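Listed next: structures, encoded as structure tokens.
Across the two complexes that follow, chain A remains constant while its partner is chain B and subsequently chain C.
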Partner chain A sequence: MAKVEVRDVVKRYTAAQEDASRFDRDRPALDHINLTIEDGEIISIVGPSGCGKSTLLRIIAGLESVTSGQVLYNDYDVTDVEPQLRGVGMVFQDYALYPTMKGKGNLQYYFEVHQRTEEEMEARTREVARIMGVGFDLLMGQKTDTLSGGEQQRVAIGRCIVRDPLVFLMDEPISNLDAKLRESTRIEIKRMLRRFKVTTVYVTHDQQEAIFMGDRIVVMRFGKIEQVGTYDDLYYTPANLFVATFIGSPPMSVLPVTRNGAALVLGDGSRFELSDELAAVLPDGPMRLGMRAEGWLVDEGVAYPVRHIERIPTEQAAFIHTMVDGVHVTALVPLDYPQVDEVRLAPNWEQMYFFSATDESPLYTPGIPELF
Partner chain B sequence: MALFPKVGRKQPGVRFAWYTVVAILLLGIFLHLLPFYFMITTSFKTTQETFAIPPTLWPQEPSFKAWELIFNVTTASSSSERIRTLLPQPMYIYFRNSMIQVLGAMAISLPVTAFAAYANSKLQQGRTARWFFLFFIGTLMLPFAVTLIPSFLLTRNFPFPTPNPPLIPGTENPFPTIRIWNTPWAIIIPAGFNAFNFLLFKGFFDTIPNSIIQAARVDGGSEFNIFRRIVVPMSIPVFAVAAWFQFGALWDSFLWPLVVLQSTDVIPMSVAINNLIQAFQQAGVTNADQAMGASQAFQQALDAGLSWPGLMVLGILQTIPVFVMFIICREYLLKGVRLRGLK
Partner chain C sequence: MAVIQVNNLTKQFDNDKIAVNNVSFRVDEGEFLVLVGPSGCGKTTTLRLLVGLESVSAGEIRFGDRVVNEIRPRDRNVAMVFQDYAVFPHMNVFENIAYGLRSRGGYSRQEIRERVDKAAKMFRIEPLLKRKPRQLSGGERQRVALARAMVRDADLYLFDEPLSNLDAQLRHGAREDIMTLHQEKQRPAVYVTHDQSEAMALGDRIAVMRDGFLEQIGTGSELYNQPVNLFVAFFIGAPSINLFDATIEAQNGSYYVRTKDFRALLPERFKAKVADHVDGRVILGIRPEDLHVPRKAPFEVTEDNTVEGVLNEIEPTSSGCAAYLNTVEGEKDFVATFKLRLPASYLGQTIPLGINMDKIHLFDARTEKSLLYGS
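Presenting the complex of A and B:
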């Protein structure tokens, strides 16, 4: 159990460490990262490839050194402490099981190198087998390369919890599993994390997973943290255009618009009257309008040709795909919406996002709705 | 692993290609086994028969004289003092020398080379790793003939590669040196790092995912413990291949031991056998007295069976350890060869 604090961490790969394959030499891999993870909190880190999310995780683990800045566990500076002494548990994307050892050996390596007693080792292994549930005992006696992906992953998690870690670090632990197994495994992991109440950092590139796992979500880009918050924070009050387009599925459509008096003019000439509330806050001139699928009022306003209607029975909804002003737009409709060639759409002013035309800063976001 | 896919083997073209490949492989096996066949059959021939033209494929009058003689010599119960001039030490001494030198060199070289390769593969990064790699591999680019003389001088006045050790500045005294020349160390120390095996190890260590090493670090293993408990067990096939290559190379090495070892109590098998061949060829060509003595010894040795058949017996004895080593490493070797796509 520990509070983890990352203070102003910069990570810059020097030319001597640089792999030839790495791109973007001028940009630091991590650029002044500040993050506090409370005791027992689960933090998900999401971001596009190469944004530094894994690097940040490895810095918390101590597997990478920092160029400047500090890492603190419970206010104790561990920046120069070796990973061997930090007492963290880590699950890797490829599981990283020791291939020459059986499942049990994988779990017991920790006790072996820490010169713990045989009894403690056995007791902890049994305890973990009990927590991990049905069939875990069977995995213990098998060579790890004979196990399937899901089984290997269970052993990897078992290896991670057997030591009672201060911090759990997970680097895309389930992205190598097939879709069905991924679904059940993430529930399994979540259940376990709840039970242990261990501080956890969970890196993933899948926002669904991040939402499911994390108490709070960190969105990263180009080595910088763009926003930290709950899913609702990120969804309804994005800090910038990147977070707005990165979070949410189907992704937000962004249309260049111009405010002209009381009306909003799209590039194709269609005009929409602004609501009074928006008219009060928005500046005049060009800006960018962000709309999510549920942000459209269907069957009113301007008619657009339908490209495709995607019906999703599990969600009891359908998405209409169309083009507005040359931009791909998705609108949410009920599952039983009729098959049509043309659909009339108008913006629902309560669910619109406005961003500056020149940079990514938000001009207006709808804010978190009060559901209850 | 099949050279030809199972599907379509009945097509005439594929079948023809299949038999052609089999024929070429059989020819290869035949060519490789022929010298061994000749070595073994010759060891059972009489001396006269070895010179027969055309050579006989099978001993006409099988004789065990050569084997008996070598057995006597190796058990140091040789009847004749004269044979001693041809073979100054009993055979097992040479065999023991070879063993000490080869196993000693391997005991140092395998760990040293594996450590170097592991460090280069997993602990160094980026440009540093590349330059170190080039430095180590660069040693492969110098032909042995180029380094022979400097290496020889090094063994005379270790660690100075000069005929005489340099003087300590301001005095008349030379620097203290160690003479490893004419000791087993002259074989063992230069073999302490093997660039080819370095390449082999490095190639394998590169395939071990970094995450396994990192997982072990998070588990608390020290770098050495990770190497010993995680990496080495994974690398046994590579160790087997490296050990086998080095054993073969060192056991059969001839030129270097010939240069740095002189006294008969340290020379290995390969040099001893060569000395014997030299003695055969030179018998009776120096001054008259020596010629008399030598040729008498030669005659006596011939009578006792120590001639070409005897040499063949020695050749067989020289080859046996390499076979034994192969059988020991066989399972891992095949795995390792598949692993690395060697030979």
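Presenting the complex of A and C:
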């Protein structure tokens, strides 16, 4: 097990490797990345397609070389160490199991190649099967092509664990699975990671998966790290407008507004009286207001036409979809909220986010609420 | 009036696999029906039968009064949006959107332009009309596919997992776009997905399929609150319903459900439904939100409605948290969702949770049918 450090890593692909249709050819795939992953910590990396999350993973694994910067395992510089010598276990989106072998063969192959003793191999495989939990020994006896996607992924993970990796690297390991299977598999994976206490980097494009898997979450965009933190850090104190809109579901709505004395004025002319706390901190003039679905006071304030009401019995919630000043806005209401054509909304100042009008920097974020 | 009627529809492939097995449903004017189920359940085959891309083995498909079994796809007047968008790579966006109108004929040049412009505006792709599909992002391509359906005046609109190739954050917007299309057209629509949360968000009614069979059809709240069998109960809802092996016990005129870890008193109104199952094996289902922290429970928590669990994991959600636990004796995993955030200091501790017994589900362990709901 290991602490992993990424120090000022830049990765620039040469023109020949670059997809010719990309507009931003000058931008490096990774742009001065710094990240420390503590021993035994699970870090998830999340971001939109092309943000560099998989590239970062591959650089930690040694599957890609760096243009500049260093990768350290336990303070030891591994930047130029071959991937197979780094002691990493990798699990990919496609399971890459040996199809001709049974589950057990897949686990033991490594020992055969590395000429370990029969006893050592058996003992280690048994140990892993025990920790992998219920039903794993059943999977071991089956050909891998007869296993379901979720089962194959469990075998693939077991195969990594058997090798006792220093670092565990997972790249979208469950995105090929059905939604329902994803739910149970991610719990399975999380539990195994907890048991083995292996330092893990988990890459996904799904924010909810990232939140579930990671002790901390890294949000990336355009080859840069935008923020590192717990879910609460990202949700309540986003570092910028991008993180604010990327984390949270349904996504935050963003409205251009102007502060005018004690009031906040929307583009459509509607005015809302600011709270004293906000009046004290916000500058005068134009800015951007970010609102999450739960950030509205419903049935007070200004009336807006309802486009439709989305009722989700499984979440015991309903969402009212409306347009405020030309921006699509979602407001959370109880599941049994009446079917109305018009809804009155006012901002709940305690849950509002404010950003600069000209760049993405935050002017005010609500912070983590005190619950107890 | 039922606009689309599917009666005893069966599709058997040459390899003898029955992909769709005696399925019947109707879609009313302006209704949005979602077919949902795991991979291989027959939902996409059903859609392909509706559009005419597969031949019917038995049963009939009616559009209004007309049986369309033998009518070729292009004469059925159906618009379809595919998972991979199926945009033509060699045509620009305008040509792609106009294609359905041109190929059918009967539209003037002026009319085509007006329709395409209106649809492009609706889906915010006006500036892209001259571009080729490869210059578009996934989300933009998807909106081109929606615009192409929008310009048509079809009798039926079909959607085959149109969101599954999109990043999570793009899906909310795309869902809105699909609702815009549907509300504008007010025609019957059938939408296929494997994601129950998508089905919940979009469907007026939802049909749950498994192994070619239609397991249950109803509104989202019917499927969630009154599932007729174990499969539907498990499939609808995330996190999934907690399931415990149990038996029914009778004692002093009261009925109890007993698991390896706890015994709970069944409400009076369930008495008649469980009377035949005393000492029989059942499966007890408890939705994660029907487990409550005793002090915050909307009912009295006693030894007759409590399950104890070791807290293994707390997942923050926007509305509170999901707690992952296991029972002490049976080491059975279960999940509870709360509207509040559990402090991490409870991790590893054994905590009692109150079960809202009015909301539980009971299934026959052998047939997997609900004892409480359905026929």
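Throughout what follows, the second predicted complex is superposed on the first by the 354 of 372 C-alpha atoms of A that agree within 3 Å, B and C clash if a C-alpha of one lies under 4 Å from a C-alpha of the other, contacts with A are read in each partner's own complex, and residues count from 1 in each chain.
Criterion: a contact is a pair of C-beta atoms (placed from the backbone, for glycine too) under 8 Å apart; a residue touches a chain by one contact, two chains touch by 3 or more.
In this text the structure is predicted, and so the values were computed from the model without any measurement.
*Asks:* Looking at the combined model built on chain A, do chain B and chain C fit side by side or clash?
*Replies:* Result for chain B and chain C: fit.
*Asks:* With both structures placed on chain A, which of the two partners, chain B or chain C, ends up touching more residues of chain A?
*Replies:* It is C that touches the greater number of chain A residues.
*Asks:* Examine A:Thr100 and indicate which partner it touches, taking first as chain B and second as chain C; both and neither are also allowed.
*Replies:* first
*Asks:* For A:Ala61 in the superposed arrangement: first (chain B), second (chain C), both or neither?
*Replies:* first
*Asks:* After superposition on the shared chain, which partner residues are touched by A:Tyr231: those of chain B (first), chain C (second), both, or neither?
*Replies:* Only chain C is touched by A:Tyr231; chain B is not.
*Asks:* Where does A:Phe92 make contact in the superposed view: on chain B (first), on chain C (second), on both, or on neither?
*Replies:* first
*Asks:* Thinking of the overlay built on chain A, is A:Pro251 touched by chain B (first), by chain C (second), by both, or by neither?
*Replies:* A:Pro251 contacts chain C only, not chain B.
*Asks:* Does the superposition put A:Gln84 against chain B (first), chain C (second), both, or neither?
*Replies:* In the superposition, A:Gln84 touches chain B alone.
*Asks:* Once the two structures sit on chain A together, report how near the CA atoms of chain B get to those of chain C, whole Å.
*Replies:* So the smallest C-alpha gap separating chain B from chain C comes to 7 Å.
*Asks:* Which bits of chain C are touching chain A when the two form their complex?
*Replies:* Chain C reaches chain A through residues 38-39, 134-135, 138, 167-169, 172-173, 176, 179, 183, 194-197, 200-201, 220-221, 224-225, 235-240, 289, 312-313, 315-316, 318-319, 324, 333, 340-341, 343.
*Asks:* Which residues of chain B touch chain A once you look at their complex with the stated criterion?
*Replies:* Per the touch definition, chain B meets chain A at residues 125-128, 209, 211-212, 214-222, 225, 229-230, 233-234.
*Asks:* How about chain A: which of its residues touch chain C in the complex?
*Replies:* 21, 48-49, 178-181, 183-184, 187, 190-191, 194, 205-208, 211-212, 231-232, 235, 245-246, 248-251, 292, 294, 307-308, 310-317, 321, 328, 330, 371-372
*Asks:* Looking at the complex, which residues from chain A come into contact with chain B?
*Replies:* Spelled out, the residues of chain A in touch with chain B are 13-19, 58, 61, 63, 82-86, 88-90, 92-94, 96-101, 109-110, 112-114, 159, 163.
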